[in-house]
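The next block holds one structure in the form of structure tokens; read it before the comments.
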Amino acid sequence: MVFAALSFAARPGDAVQVRGSNGSGKSSLLRLLCGLLEPARGEVRWRRRAVSARDAGFAGEVAYLGHACGMTGELTVLENLRFALHLTGRACTEAACREALGQLGLAGRENEHVRRLSQGQRRRLALARVLLSGRPLWLLDEPCDALDDGATRAFEARLAAHAADGGVAVVTTHRDIAGQGREPRRIDMDALDDAGELQPARRA
Amino acid sequence: MPANSSLLVGRELRLAARRPMDALSGLVFFVLVGSLFPLAVGPDAPLLVAIGPGVVWVAALLAVAISLHRLFEPDLDDGVLEQWLLSPHSLTGLVALRIAAHWLVCGLPLVAVGPVLALQYGLSPPAVAVLLAALLLGTPTLSLLGALGAALTLGLRGHVLVALIVLPLCVPVLVFGSSAVSAGQQGLPVGPQLSLLGACLSLAAFLCPWATGAALRLAVE
Amino acid sequence: MTTLDRAALPPGVRAHAAAAPTWRSLASPMRFEAWAGRALPWFAALAALLGVAGLVVAFGVAPTDHQQGDVYRILFIHVPAAWMSMFIYLVAALHAALGLVFRTRLSPLMARALAPTGALFTAIALWTGAMWGRPTWGAWWVWDARLTTELILLFLYLGYLGLVSAIDDPRRADRAGAIVLLAGVVDIPVIYFSVQWWSTLHQGASISLTAAPSMGHTMLAGLLLMTGACWAYTVAVALARVRRLIAEREAQWRLA
């Protein structure tokens, strides 16, 4: 059992940050939220419907970034991005892909094999997929892992823009992400009391 | 969906081209096993003709079995499998496409090289033709069953468990396939065996992608 | 051996488990564990009784066959073992299906409890088949259709047991094992048919292990007694295993 008795709600425009030490269950929480993991007890709801990875409706609204980047080493950056977006059911023109890559500092690397990229560059590629997918719900596991300060600030700006547009994001992170306007909600996995309630908990 | 299918199959083919060892290892093993038997039993021509069909089929089975662990493992490690599960596309469809691509890359070469092996065993041209047809019908079934075994044992160490689960399930294909070729060699009708192979393929094609998808969900949890 | 510590259960659960069981309530693991504990000695006694009666018939009462001598008596063990090996697989697959469809917690445990006994009976069937074959056909192993299917069945059992023991996560192990059992149960008719065909193709007249002396009443009675004994033994052993599995999983379930 990784954690118990956690209860919270997120509204449009919320960017929830999940902090905690290693093994406290941050990644498991994200996997529960996207339906990859089933809770032993309790439920997860999105738009008042129970969440399930099998549900095409829900799958069409979530963008998940896990520990691994979801990119295949033997394919090029552009190929990976296009395939990943096709998988999410969203066709993107090559121009849009190149532009997104440029914004994340990967311009000029479109035809490089992902295998040759650094960890941070792969992370940025995965973020490009999330940004281009246009989904309302972002579930990101350590998105700023291996990113330098400039890239982190750029990501924070995009996160704030997403929240301002009415999207919801749940982000696990080691370090605090600046809210850039709106104070982010924080969940500390190490500090769950018996009731597991977030202070303050608001109903969706 | 058609646009997606070609894109996804294209991805598989591209990957196969860039991971040549994955694609070739099964083929190499096939030829290796086929070459070992004459060394073991002696070059007696009638004996080789008698065991030829069986040897080719066993070699094909083993070649498929050793290529299985690369079917889903790279995607599990890269995190691509999670994206599959979270895709609005049907998982069964994605799995079916992956198995089809795997067969194109690992199974079809066996179909091409099988007749060569059969000729080495001294099988007659009609028997070789039957072998071609039988391999075309049988190797996809082996890929389908193998994918189920690979998904069930995904993430577990060791390769023997996959073989233990998959090979007993493949016995009918082995029996019908090699009996078809033996019958062809003796000039007997091969219709029943080939129809049975086709029936096995239909059953596997109907059930395996769905069951493999369910097993993949379990593996990613 | 892990046993369930009832004193450590929360009071509500303890009371629930102690209430008199109805058929449906037995689906609850705690109730089942209690019932199993009470039922086990009866099944064990039944197995012993039927077993003794069966062996007496097999080795004492049944007459010596003038064709096969006393060797045929091994069939009194071989045939019930073979029947049980197939029957247990079907029952385990049924539990696997129930567990997948209805998500009952007890069903995967029943499948896990039955499988080792099924594998044991399969091994006994193979071994006694060889023991019968040696004096009768002059060979330790005959590629008879039934024996070969038993061999493949043994591999299917071993595959299931290997898979559930290799997976650490109990939920994944239960469900993956269920998929394997169901794949096997779908494939077994096909395998049996193909092996039947294969053996008639290559051996002409089928040398079947059921080409035993024609069944007199005594032989039939002996077979039924031994089958009953095997069945009761299976139930007793499965109950014991399920109790142990429930005790192991209880801590996990208490949270759910």
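Which chain is which? They are A, B and C, in the order written, and residues in each are numbered from 1.
One rule holds for everything that comes next: a contact is a pair of C-beta atoms (placed from the backbone, for glycine too) under 8 Å apart; a residue touches a chain by one contact, two chains touch by 3 or more.
A quick note: this is a predicted structure, and the numbers were derived from the prediction, not measured.
Here the chain-to-chain distance from chain A to chain B, counted in touching steps, is 1.
Distances between chain centres, each the mean of the C-alpha atoms, put C farthest from chain A.
Measuring from the averaged C-alpha position of chain A to that of chain B gives a distance of 38 Å. Chain centres here are Cα averages; for chain B and chain C they lie 32 Å apart.
A straight line joining the Cα centres of chain A and chain C is 49 Å long. Shared interface positions of chain B, defined as residues touching 2 or more other chains, are 221. Within chain A, contacts with two or more other chains are made by no residue at all. Interface residues of chain B facing chain A in the complex, by the touch rule stated above, are 4, 7-8, 11, 14-15, 18-19, 74-75, 77-80, 82-91, 217, 220-221. Every residue of chain C that touches chain B in the complex is listed here, in rising order: 152, 155-156, 158-159, 162-163, 166-167, 169, 171-172, 175-176, 179-180, 182-184, 186-187, 190-191, 193-195, 197-198, 201. Note for the complex: chain A touches chain B at residues 31, 34-38, 53-54, 56-57, 59-60, 62, 64, 66-75, 79, 82-84, 86-89.
On chain B, the positions that touch chain C within their shared complex are 148, 152-153, 156, 158, 161, 164-165, 167-169, 171-172, 175-176, 179, 196, 200, 203, 207, 211, 214-215, 218-219, 221.
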